[in-house]
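Across the two complexes that follow, chain A remains constant while its partner is chain B and subsequently chain C.
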Partner chain A sequence: MDSFIQAGIIGITLGAQYALLALGFTLIFGILGVINFAHGGFYVLGGYFAYAAVSDAGMPYPIAVLLAVIGTGVLGWLFEVLLVERCVDDHLATMMLTLGLYLVISNAMLIVFGPQSPHFTFPLSGTFRAGAVYVTAANLVVLAVCFVAIGALYILIYRTGLGRALRALADDRGVATAMGMRPRVLFPLAFGVATALAGLTGAIITPILSLSPNVGDPVLVSSFIVVILGGLGSIGGATVAAFIVGIIESYSSVYLGGSAGALVLFVIVLLLLVFRPFGLFGREIRRA
Partner chain B sequence: MMRGIRFSAGNGVAFLLVAATAIVPFVTQNLFVYSTLNQALIGIMAAISVHVMLRMDLLTFATPPFMAIGGYAVAIVSMRFDIADVFVLGAISFFTPTLAAILLGPLVLRLRGTYFVLVTFVLSEIMQLVLFLTPRLTGGSNGLVGFPAPTVFGISLSDNQSVLLLTTGLTVVAVVIAAFTTGYFRQHFSAIEENETLAESLGLVIWHYKTLGFIVSAGISGLAGFALVNMLLMAHPSSFTSVTAVNYIAYTIVGGRASLLGTAIGAALLVFATNLLGGQGEYSEGLYGLLIILVVLIAKGGITGSAATLVQRLRVSPQPAATPSKLAQEAQR
Partner chain C sequence: MSKLKAIGVKIGVAASAFVVGIALPGNASAASCGLKIGAIGPLSGPAAEWGLAMVAAAEMAAAEANNKGGLQVGDQKCRVDVVSYDSKYSAEGAAAGANNLASQGIKFIFGPVGAPEMTGIKPVAMRNQILVFGDSYAKNAIGPQWPLVFHLGPGPNVWGPPIIEEAKRRWKIDTVSIIAPNDQGGTDIADVDQQDYEKQGVKVRLEYYQRGTTDFSPIITRVLSSHPDAVDTASSPPGDAGVIVKQLRQAGFQGPIGRLGGPGTDEIERIVGGIEILKNFYWYESTPTDDPNVRELSVLFTKETGKPVPQGTSFWQWVPEARLLLAAISKAGTITNPAKVAEALRTLPVQDPNLGQGLWTGKKFFGINQEISFPFGIGIIVDGKIQNVITHPAAEN
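And then the complex of A and B:
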């Protein structure tokens, strides 16, 4: 029973991380119609930004995380303004652009910081205990940060004028533009918000897991899986799917052994993609 | 719709270029040249499989999994059943992935655009997991090591020259199959690339051609898998990760996605560039990234596409044509 609860807690923490990543990913797809292959790259960037700020500049960790968020957000914004904007309607071109960017980012990190994982640990140690169930303090902090960020994003999207404009653009770009929404301002903004979320996840997760130039690959894969499961472009779907994936992953690694659970999940996702491309919960948001 | 094979000059040049590499083993003994050329030819095959799908406006990540199916099939057959004949192995490496494509086609080809990209990406991830989860068949994370040299008419192809010759032979077969398919069904593929819905409404049974393209692409990937396994003397999951698909896509896009020649040139150039950088091999990924970005932004047709546009412009330019805007200006006067 204890291991059941323990796995559940790990699953929820995983789910919260996946949610942060997938929300950014789905935001970019829903609003711009762009599949962001560089999403894992921004996660890596966030990790290295925070690491550099802590170890090279000696900043306290929370400030470093904030810097990582701002840094990845600004870079995402710039990337959209300078490159993606030029061919935003061509799905093949934008896919190639973000792929290219991902290669450049992970290679740049390799050149600057080297292939070894740097020594980057979470500043809080210590564990809480209830019966035989242990939870690390770091885990709780991550969970809290994720929930706050997810909440903030929901408020931004569903309770502000900006969010309404973004949702309008996602719904029907033509009509929204005719009503005065300006894609040239809002697209880069949405992209920046999304990459900032990836950067935030990287900054808080890499000290717990690991940091190296290629940790973005699995991040991209799990973002894909979550977003497909939840329905491409659907915000609510991505959130729910993230927790489903996190919990399945955690329980299957405890009770089935890592890869088998992943395989089942991937096959489900494959079938879902084929027969219900708009996801488990979504309606069709955007024809790709 | 008009049928009949039309081989473009580009396809002919691509064929000659690839076939000409058969001379290399008789000219030089340089191992660096051998290994680079081997990689380049394998890259060309893999890129061709991407190119065939792109002819129908489908970007595929499924090249590595089909390469894995072809490569592992050959490795299993030759290591477990002692079949070494090159023609049998070649046929197995082509037809096993083809069979997989026939089974997967009805599922996967329902999707277009972004969804197709995602589903092929998931396929390549699934393939990796399957390889790790079937240690009895595929050796799991150790792979299948000690691939025996294939034989042709009883002669063993074990030295470096014959390894390269075998890769050349497979590449020539791949080029011919791709040229034949895209040449014979050129208009069908173009119609699907241009506007699938319109093509269908005009009576083109698109799933015939999409399935055909998918099957041919899978088979060619399988040939590349065979060549790769033969070069490395083993079949290993790390040779077939989804990340390698990015390289093959880069070859195609940078060289020129519209033609076989462009695809081949892109693969050859990028592989040579990576190998020449040698010690700085770690920069090659970033270099690919930058090249992809540049090509997408500046030279949409890739190397051959841009060259063709340039030639066309030079031909037309001697007399500056009256542009519509000039006419409009005159009309206003």
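And then the complex of A and C:
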């Protein structure tokens, strides 16, 4: 019974990590229609921003996280303005561009910080226990940040004028532009918010797991699975799918083993997509 | 202004060195031929520590030769250059690297370091007649069917038993869970580790994970549900092993954690957050790292190459093999005929100024005597305090 409860807790904490990872990814697709292969790169950048701020500049960790969010947000905004904007409607070009950016980011981190994992640990080391069931303080923080980020993004997209403008652009750019929405201003803003989310995720998750220039690879895969399952472009779908993926992964790994767990996850996602080809919240693609 | 002055001085020094380098007859310009050695291994990712050590060893042997005016090959002095390639610890990466080096006409490859890479590289090496001097604990790392493939150091069937014996002497270990990746780099080693433990009466439970896993919490929960006395991270790369150890301790596991699968304790300690969290830990050191002669290699590396020594301890194991490879090329008197170099290599004695006396082995396990065995070490941490590394003499495989 303890293992069953523990698997549930782990599933929720994994789900929170995946949700944070997938939010920015799905936001960019939902608003701009761009599949951002550089998402894992901004996650890595966020981790290194926070690490450098803590270890080199001696800043407190919360300030370091804030810097990581701002830094990755600004870089994402710049990237959109300078490069993505020029070919935003060309799917193939944006894929190549973002994939190239990911390689640039990971190689830059490799050159600057070296290939090995630095000493970067979460400042809270406590673990809450009840018998054999436990949850680390760090995972609780991730969970809290995840819910705050989801809430903030939801309010931004569905409860503000800016969000309405972004959704209008996503729905019909021609009409929205005729109504006075300016994609050249709003697209970079959306891109910056999404990359800031990736940076936030990297800054809070890499000290819990590990940080190195290549940790963005599995992040991209997880984000992809989550947003495809949730329905590309749907914020609600990505959130729900993230927790489904986390829980499936946890229970299958605990009860079937690490190898079978990964396999079961892919099989279930495949089956779900057979019956719901547009993902669980596929209809939302048109709306988000 | 002072910064500008400093930059000016540096440019002046560099320019002078360049002019002197051209003018002096005895240096690199003395080399009348060029020998390129390929170095393939993981230069990024969780196993990067191992790959970087391997490349550094090749660079050091090359620098040793070049600083003497080049490697004597027949009547020529050859300048040795190392061409490295990041295989990312994968079979396809290593195969791509070998093809890349083959297209450059390179006939000697140093590395790779892992079983998946070794599997990927061998067919390409055979096809292109390339001599490979790699590391891997795979059960088929070398063999009579690959006469140009040489092997660095025996696997866990040789060094596992004394390490387990030492760990059992210090801690009560009746059951152990082994955690390893679910590819050849994990399964081959975990399987041999299992036999090593079971021969000493320890019950074993194997747990495999998908390579690329970042959060090991579910696997840790599964492992701890069987209440093992010890957990062994086997050949999990140091980056993965660090997260596994951290999450084991967070989950409340108090027992000893073993590592019968390769060095990397420094990186594990960095990820975990300190030696006090490692607490009770035992592992395979590829060399007796407390030996001053072995440690001297780090000083020599900086002296020969002018670079800081790479992190980790596996660099010390690779240097004698790199020296041996160049010695064999020199003895064979050819840089284009790997078969002749392999023939020379088999006849060279295994004797290194830093690692001491070693031996050729491998016949019993692999069916071919193309493996180098040097003395190795047993690392132990007890209650967060590191103990002296125990030296074990070179052993037959």
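Everything below uses one rule, namely that the second predicted complex is superposed on the first by the 272 of 288 C-alpha atoms of A that agree within 3 Å, B and C clash if a C-alpha of one lies under 4 Å from a C-alpha of the other, contacts with A are read in each partner's own complex, and residues count from 1 in each chain.
Just so we're on the same page, a contact is a pair of C-beta atoms (placed from the backbone, for glycine too) under 8 Å apart; a residue touches a chain by one contact, two chains touch by 3 or more.
If you're wondering where the values come from, they're calculated on a predicted model, not measured in any experiment.
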For this session: Using the superposition on chain A, decide if chain B and chain C clash or fit.
Result: clash
Exercise. So, does A:62 touch the first partner chain B, the second partner chain C, both, or neither?
Worked result: neither
For this session: Have a look at where A:151 lands relative to chain B and chain C in the superposition and call it first, second, both or neither.
Result: neither
Exercise. Looking at the overlay, what does A:259 touch: chain B (first), chain C (second), both, or neither?
Worked result: both
For this session: Figure out whether A:6 sits in contact with chain B (first) or chain C (second), or with both, or with neither.
Result: second
Exercise. Thinking of the overlay built on chain A, is A:86 touched by chain B (first), by chain C (second), by both, or by neither?
Worked result: first
For this session: Go through the superposed model and pick first if A:116 touches only chain B, second if only chain C, both, or neither.
Result: second
Exercise. First (chain B), second (chain C), both or neither: which does A:224 touch?
Worked result: first
Exercise. In the superposed arrangement, which partner chain does A:99 touch: chain B (first), chain C (second), both, or neither?
Worked result: first
Exercise. Out of 38-46, 92-100, 290-298 or 344-352, where does chain C run into chain B after the fit?
Worked result: 92-100
Exercise. Where on chain A do chain B and chain C both make contact?
Worked result: 106, 110, 115, 217, 221, 259, 262
Exercise. In their shared complex, at which residues does chain B touch chain A?
Worked result: 57, 59, 107-108, 110-115, 117-119, 121-123, 125-126, 129-130, 132-133, 242-243, 246, 249, 253, 282-283, 285-293, 295-297, 300
For this session: Can you check the complex and tell me which residues of chain A touch chain C?
Result: 2-3, 6-7, 10, 13-14, 17, 106, 110, 115-119, 121, 125, 127, 129, 132, 134, 136, 209-210, 212-215, 217-219, 221, 249-251, 253-255, 257-259, 261-262
Problem set entry | Touching residues on chain C, where the partner in the complex is chain A | 43-46, 48-49, 52, 88, 179, 182, 207-210, 212-219, 221-222, 224-225, 238-239, 242-243, 250-252, 267, 270-271, 273, 311
For this session: Within their complex, state which residues of chain A touch chain B.
Result: 29, 33, 35, 83, 86-87, 91-93, 95-97, 99-108, 110-111, 115, 217, 221, 224-225, 228, 232, 259-260, 262-263, 266-267, 269-270, 273-274, 277, 288
